[in-house]
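Chains: A, B, C, D, E, F, G and H, in written order; residue numbering restarts at 1 for each.
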Amino acid sequence: MTAESIRRLFEQVRQGKLSPDDAVSRLRHLPFEDLGFAKVDHHRVLRVGIPEVVFGEGKTPTHMAQIFARLASHGGNLLATRTRPDQFAAVKQTVPKAEYRELARAIVLRRDRKKYGKGIVAVVSAGTSDIPVAEEALVTAEVMGNDVEHLYDVGVAGIHRLLSNRERLTRARVVIVCAGMEGALPSVVGGLLGVPVIAVPTSVGYGASFKGLAALLGMMNSCASNVSVVNIDNGFGAGYVASLINRL
Amino acid sequence: MTAESIRRLFEQVRQGKLSPDDAVSRLRHLPFEDLGFAKVDHHRVLRVGIPEVVFGEGKTPTHMAQIFARLASHGGNLLATRTRPDQFAAVKQTVPKAEYRELARAIVLRRDRKKYGKGIVAVVSAGTSDIPVAEEALVTAEVMGNDVEHLYDVGVAGIHRLLSNRERLTRARVVIVCAGMEGALPSVVGGLLGVPVIAVPTSVGYGASFKGLAALLGMMNSCASNVSVVNIDNGFGAGYVASLINRL
Amino acid sequence: MTAESIRRLFEQVRQGKLSPDDAVSRLRHLPFEDLGFAKVDHHRVLRVGIPEVVFGEGKTPTHMAQIFARLASHGGNLLATRTRPDQFAAVKQTVPKAEYRELARAIVLRRDRKKYGKGIVAVVSAGTSDIPVAEEALVTAEVMGNDVEHLYDVGVAGIHRLLSNRERLTRARVVIVCAGMEGALPSVVGGLLGVPVIAVPTSVGYGASFKGLAALLGMMNSCASNVSVVNIDNGFGAGYVASLINRL
Amino acid sequence: MTAESIRRLFEQVRQGKLSPDDAVSRLRHLPFEDLGFAKVDHHRVLRVGIPEVVFGEGKTPTHMAQIFARLASHGGNLLATRTRPDQFAAVKQTVPKAEYRELARAIVLRRDRKKYGKGIVAVVSAGTSDIPVAEEALVTAEVMGNDVEHLYDVGVAGIHRLLSNRERLTRARVVIVCAGMEGALPSVVGGLLGVPVIAVPTSVGYGASFKGLAALLGMMNSCASNVSVVNIDNGFGAGYVASLINRL
Amino acid sequence: MTAESIRRLFEQVRQGKLSPDDAVSRLRHLPFEDLGFAKVDHHRVLRVGIPEVVFGEGKTPTHMAQIFARLASHGGNLLATRTRPDQFAAVKQTVPKAEYRELARAIVLRRDRKKYGKGIVAVVSAGTSDIPVAEEALVTAEVMGNDVEHLYDVGVAGIHRLLSNRERLTRARVVIVCAGMEGALPSVVGGLLGVPVIAVPTSVGYGASFKGLAALLGMMNSCASNVSVVNIDNGFGAGYVASLINRL
Amino acid sequence: MTAESIRRLFEQVRQGKLSPDDAVSRLRHLPFEDLGFAKVDHHRVLRVGIPEVVFGEGKTPTHMAQIFARLASHGGNLLATRTRPDQFAAVKQTVPKAEYRELARAIVLRRDRKKYGKGIVAVVSAGTSDIPVAEEALVTAEVMGNDVEHLYDVGVAGIHRLLSNRERLTRARVVIVCAGMEGALPSVVGGLLGVPVIAVPTSVGYGASFKGLAALLGMMNSCASNVSVVNIDNGFGAGYVASLINRL
Amino acid sequence: MTAESIRRLFEQVRQGKLSPDDAVSRLRHLPFEDLGFAKVDHHRVLRVGIPEVVFGEGKTPTHMAQIFARLASHGGNLLATRTRPDQFAAVKQTVPKAEYRELARAIVLRRDRKKYGKGIVAVVSAGTSDIPVAEEALVTAEVMGNDVEHLYDVGVAGIHRLLSNRERLTRARVVIVCAGMEGALPSVVGGLLGVPVIAVPTSVGYGASFKGLAALLGMMNSCASNVSVVNIDNGFGAGYVASLINRL
Amino acid sequence: MTAESIRRLFEQVRQGKLSPDDAVSRLRHLPFEDLGFAKVDHHRVLRVGIPEVVFGEGKTPTHMAQIFARLASHGGNLLATRTRPDQFAAVKQTVPKAEYRELARAIVLRRDRKKYGKGIVAVVSAGTSDIPVAEEALVTAEVMGNDVEHLYDVGVAGIHRLLSNRERLTRARVVIVCAGMEGALPSVVGGLLGVPVIAVPTSVGYGASFKGLAALLGMMNSCASNVSVVNIDNGFGAGYVASLINRL
């Protein structure tokens, strides 16, 4: 990790083996990484509490188990999203401490249980079909060291269920809202609260929902100013952004 | 309006001037309208309380004044939508009793003030920019003989304003909801009420609202089952449908 | 269902155990539901003749049977849409009185056979492929207590079939029209009648039908003013809206 | 126009000045046009009754007058589409026999009045706003030597107006149908007749008509098998195709 | 088929049993079909050489065989499009004279072999993957009594193959052009010929072809004026339109 | 603001003028707002440092001046976005302390200059054309009491300019990134930093940028997990969200 | 390949058996190909180092093996893209020297190993999921006789990995960049280099990536001027274009 | 331009004033640019023959004149695209040697007239309306030091005009093809030639051309493998890419 080649350049200059001009010229031809910028890339693993993440979709159980085992050897927490039970079965054999979060379709290896988040990350979802996405957000926030709370099945067509739970929501420092179909929930939640709201459109719906496009457009046009949006079904991204906010 | 030519056919048969066979043959070649189907087309004017309607956009003041004056001669109420003040000025000269409904951008000639609707048609709008569309719906319902009530600026990001007025809404027999941007309001209103809700997406918004497409898709995917939708900015259509429902 | 906690507050004030000021302050912290707004949510089941509804797609037979049995214990009618025969088989075992409406792909438990609708709900469809959606609308209207009538396979390219049945349609108080491909039928039906028309675009078609988008756009732009639209393939929504209208 | 250079090649071979082999080799290097394929391009002007056509949009009056005058010198009929009155004023000065067809927004110079079409080309339009496109189709068919007939304002929401004129339509050999909004008219007309129907979507409408896209998609999905479609607002193309068909 | 009830009306009037006024009144309540408009619908089967058509997609072999056998009993030619070999096997058992046109995925029963078309219908396709659509067009034209000719695999990226066959194409009275991907072929063919060209976009391609949308848009914007377009993959429609044209 | 009517209810109960049961019953019919939920709506103005906001587009100078003056009377900061110089001139006359932020097209009245944000909000933009949106974000963050810093014209095609300023960016607690065209900048910035990134697609570009859609889609699909997105050109929303985050 | 029929024409003229006029006339009716234009089409195989190419998708193993064997008999290199292992197994039996390039999903028969490219073609990809497309580009460039180099998994969210390899990229004469999701990589690479960059959007991603549309639009709007784009997932096309450039 | 601060670091080490370890540590905190990467950004101006470029759209004449004059002081060629005559008038006053290329809507200052391109860049356009885009490409290629040739108005509907000029095209080393409407020309040109083809979709067309989208999609799906595509109307980008290729 240390830029040994650079140090050697300076050493040679100190020893008079190399003129400053030649040193500058050589410096220019060193690989970029040696210049110390490598740390840019590794901030993910170096920074405490940020898990390594595997995207499970399309991977064979064997392949998943290999990747998971390799990353597990790095230490820290580990999260695999969009996984299937057969992938977990394979992972379990090589990494026995891995757990399966079924609703979230996530494989989790949690070794660092320190709380990095300063408050609560709340996850709200409109309908029961949105739960897999909501749970992915929830698990991500948990693995990244947050206290989490969830409030599911509070769609806008039954607004009182949401309002009945307003008190719970006001305790959160940042709120994730998952909704498909018309994607209206983040606007309502955003209007009730004074904290940042991360909206996740889901592909739940049919016909003119166009696989989440309707919800996405709805959320982009939210009349609540405290709403920002991540990709359709991207529970992980929402959990990640919320975790970063909750550490501030 | 009477099918004189058909009657004449029968008369000729009665007088023996025409055989039944020849009459059948001639009947087939009569213009369709004479067969009595004309009434299909004229049900609009014949049925009480349905106004004749002019679409104002793109018409010169002179042209508008001519059409308006001609239709005014038919009797009954008269409604011109999407009009401009200069069009009204021209209309006013030939039809002095015409009124201008500025917010609705509508010219109205109201002679028949009978109530055809059995209850209240309520018009709800999300933001102040939606008011022109909401007012077009309101004026249409009025001209078609309904008691109307409006509730404006009750967008979902300030849900309590809507809830505070829940009582008023529950008095309506049919509700029209106009909203741009994310178009979420019809779902919330639909969830609060047990009556038909006509949703009108408006072109209010910018960027990813795509001139009302976001609101349209949102409303098509409403999680409230009592919502049906008309075209973007089609306040007239919503008022028309609501009026038909309110007559039942 | 009664707001016992509120009553208790008042009782304490009456008994002098609590000052009005303290009572106001406590009132603010009571759960929302206790304030009596819970009834908002329950209007569905409380109002006579509105069935509970399950969306069948993606559910396992076992899961469907469990949900169905649980809801059946609430009393009233029960409707499961977008179901498959294997789901019905499972339901049948726990709820023997459930029936399968094959064309509509619906499971129905009908215990309340009272007529809530005042007139006839007519369901019209353009082609034979639109029948599943049309039947879903029909079954919904039936379960919600309406006299129903249907008129299938009367697409606009054979306009006389529709016209031949004009008389039957004019008896309806509200009409549902299901059409895929170019989605033109609601405009023609709307032009023939003076009652509200609920249009249902279907995903029937190929190529440039884009899974119902062509029909949806066509219906949104209907030149008949008495047409409003629900989501693609949303027969249930159309039946629901029509039933609410028919009760007025 | 004759392939003089080729003839010369053969002449040289005949006179023994060139061997066959050298002639073949030279032939290969002759410009393509000399090989007689030029006629491909010129079939337009060579074939009787096909006018030269200018697209007027975006041209200055002066530019339009120049082009028109130059083409007028070729003989035959001449058609400028999408023109404005100021363009016509300029054209009129250099080509006094030019006429302005105001509804069609077309400038016409008609010298060849022979009938090339064997029957009637009928032009049908749904609403009054579709008339400019319909007239462009009509003028095109006239200039190309057809007997034409028109039937305007027969939209599907007032189906009887169309049916009343069925007899007139059945006299046509080919029918052009122009419609905006939901674009349903071609399907109905196509279903009534046994001849080819050319459908022209127009940009008439607002909101979800998306400048003619709704009508275009509707027509592409027509359930009448005798319908084919041209571009939005392309009255000229429809008139052109219909004219070619009517010559057969 | 005869309007017996109408004749009887006239007979009663002739015999003085009914006054002309009462007859007119009764006439209005007769079913539409009795008025002689029924023939509108039946023009398809009555007109010689127009086959009855079944759309095969999604039908079980048994269902297909039943429909096919029933229609076969009407006489005339019979065409089933988008069929599979297992459907044909079932059809073959009940209608032994049915043939399978494998490339076209069509089942054909051809009893009327009269030529109704006056010239040749040519079918051109861009790539080998477009052949199923092209063959559907070809078979349709054949079954409708046309001399057909085909020219396949003459895409625009190898323009000389098309040009080499120009002579053959010029013999056709109407030309069908099938192309996927960029859909450019109809423009080139249209430019070479002076006859109507029916363009069929196909769903051949990947990525930005968006299942035929790219080809469809390309063809709608063809710079050749003699091109009109049918739906994506709609070989049948193209064959049908071309056949109608070729009869003129 | 105090729920006087509720207090009165309790007082009446205390005085024995009203039974608890009757009080509960009356409570249910009180306007919603009296129940104390009004504070939900007013959290915006009540919470320190949140300005009132006017959307300037489409307002006449007079109208803008009236609204601005009225809101100015409420105290606190005031922000008008998407304004024009003529609107500012009118505002200036009634609210002399208002300032015009030309690049941001914003009118600002800043009375509360307290710092509510705990760190720096950085605003990054890709090209010079994105500056108006970036400045709107910047002004919003300033008016909401944040230390701000900007870094403009650091588009991804000249990546070194961004990298040269990496140090400055790492000082920020939350970063706003505005970019049009391909919208790639948020991904690169997100990859460099470990804090939340708010991405704002701008409508800068032409052709296939489709008024910001390309940038919007790009940002939704960002491969950097710390990115969330607001509407096209919504600098205000980004500044608002960033300010809420910076207060945490 | 020789235009024997033309030569014979000249011979007949030379021998006086045919007049030059008649020869010209006959020439016009010769098949196009005889005129020597056939070479246009065959430039592909005639030009050294351009392989024949088979598109594997949808072909049965048997069919693939037949085509492959037939083309193999022509000599030169041979490439089958989008193939599956079972197709390769079949090919291997008839063409034992064929190799399977698994990552690229390509079957290759390489007989001509001459270098036609003058420099290096570099292939860069953003994520590991883009590798199949990148490898297809790489294999294409190899089979067309280029030195190739690849640089994978250098997405913009970890920009230093790309920068660390800048030196390697600057050695390339033309660079292919494959990226899904937001498709930002070509802009960054384009900004770093002064050579042509061929961008390949991939269908990698989910939700708002819309199967590569987001990446495609992003690349079309690249702010780097040296970027041009091919179809989604079209690694072959990119390799082909790059190879043509590298030969210059 | 020299990394003076780095040299000074080495000098201090040489003089023993700084230990190698401290030097490494300081190096890390130096601004990025000092590390010599600045040259990355400046490659544009440093590399011979690459002009500086201004995008004229939306700039006032005064602003344009200022920018142009400032850039002119840098030496080298200068190009302003999408300019208007009034902008040129202002530029002309401060930079008298600037020329206006009217068809290309470009202002050019050409001081370096050296040829950097090794062969001919040919620019082909489909219709006369495409010429502004084609000329922008042509001027760009000229200013970048290429021999250029153009071939306009050779659309695919008159294919012989293109074929007649095949010889001229085969002389080009790289070809730019501009086309609107169906965008088919690049496929045809690509099929005729063995060199790279840069396709430019133009916004020429109406209706279903959707401002160039149809042409863009067509070109992305080109069946000619040597075609790559730039943004709609991006003549500059095409000229730039072609120039880079022509230097190789």
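Here is the rule we use: a residue touches a chain if its C-beta (ideal position, glycine included) is under 8 Å from a C-beta of that chain, and two chains touch if they have at least 3 such contacts.
Everything numeric in this text was worked out from a predicted model, so none of it was measured.
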item	value
Mutual neighbours - chains that touch chain C and chain G alike	A, D, E, F
Most distant chain from chain E by Cα centroid	F
Counterpart interface for C-D, drawn from A-B, A-G or B-C and sharing over half of its contact pairs	A-B
Rounded Å distance, chain D centre to chain H centre (Cα mean)	39
Contacts with 2+ other chains: residues of chain B	40, 158-159, 163, 166, 191-192, 207-209, 213, 216, 220-222, 231-232
Interchain contacts (touch definition) - all pairs	A-B, A-C, A-F, A-G, A-H, B-C, B-D, B-E, B-F, C-D, C-E, C-F, D-E, D-G, D-H, E-G, E-H, F-G, F-H, G-H
Chain C residues touching chain A - in the complex, by the definition given at the top	29, 31-33, 37-38, 40-41, 57-58, 201, 203, 211-213, 216, 231-234
Touching residues on chain B, where the partner in the complex is chain E	3, 6-7, 10-11, 13-14, 16, 19-21, 23-24, 27-28, 35-36
Sites on chain E touched by chain H in the complex	126-127, 155-159, 163, 180-184, 187-188, 190-192, 205, 207-210, 213-215, 217-224
In the complex, chain B residues that touch chain F	129, 158-161, 163-167, 206-209
Residues of chain F that touch chain A when the two form their complex	40, 43-44, 47, 50, 53, 118-119, 166, 173-174, 192, 194-196, 198, 216, 220-222, 225-232, 236-238, 240-241, 244-246, 248
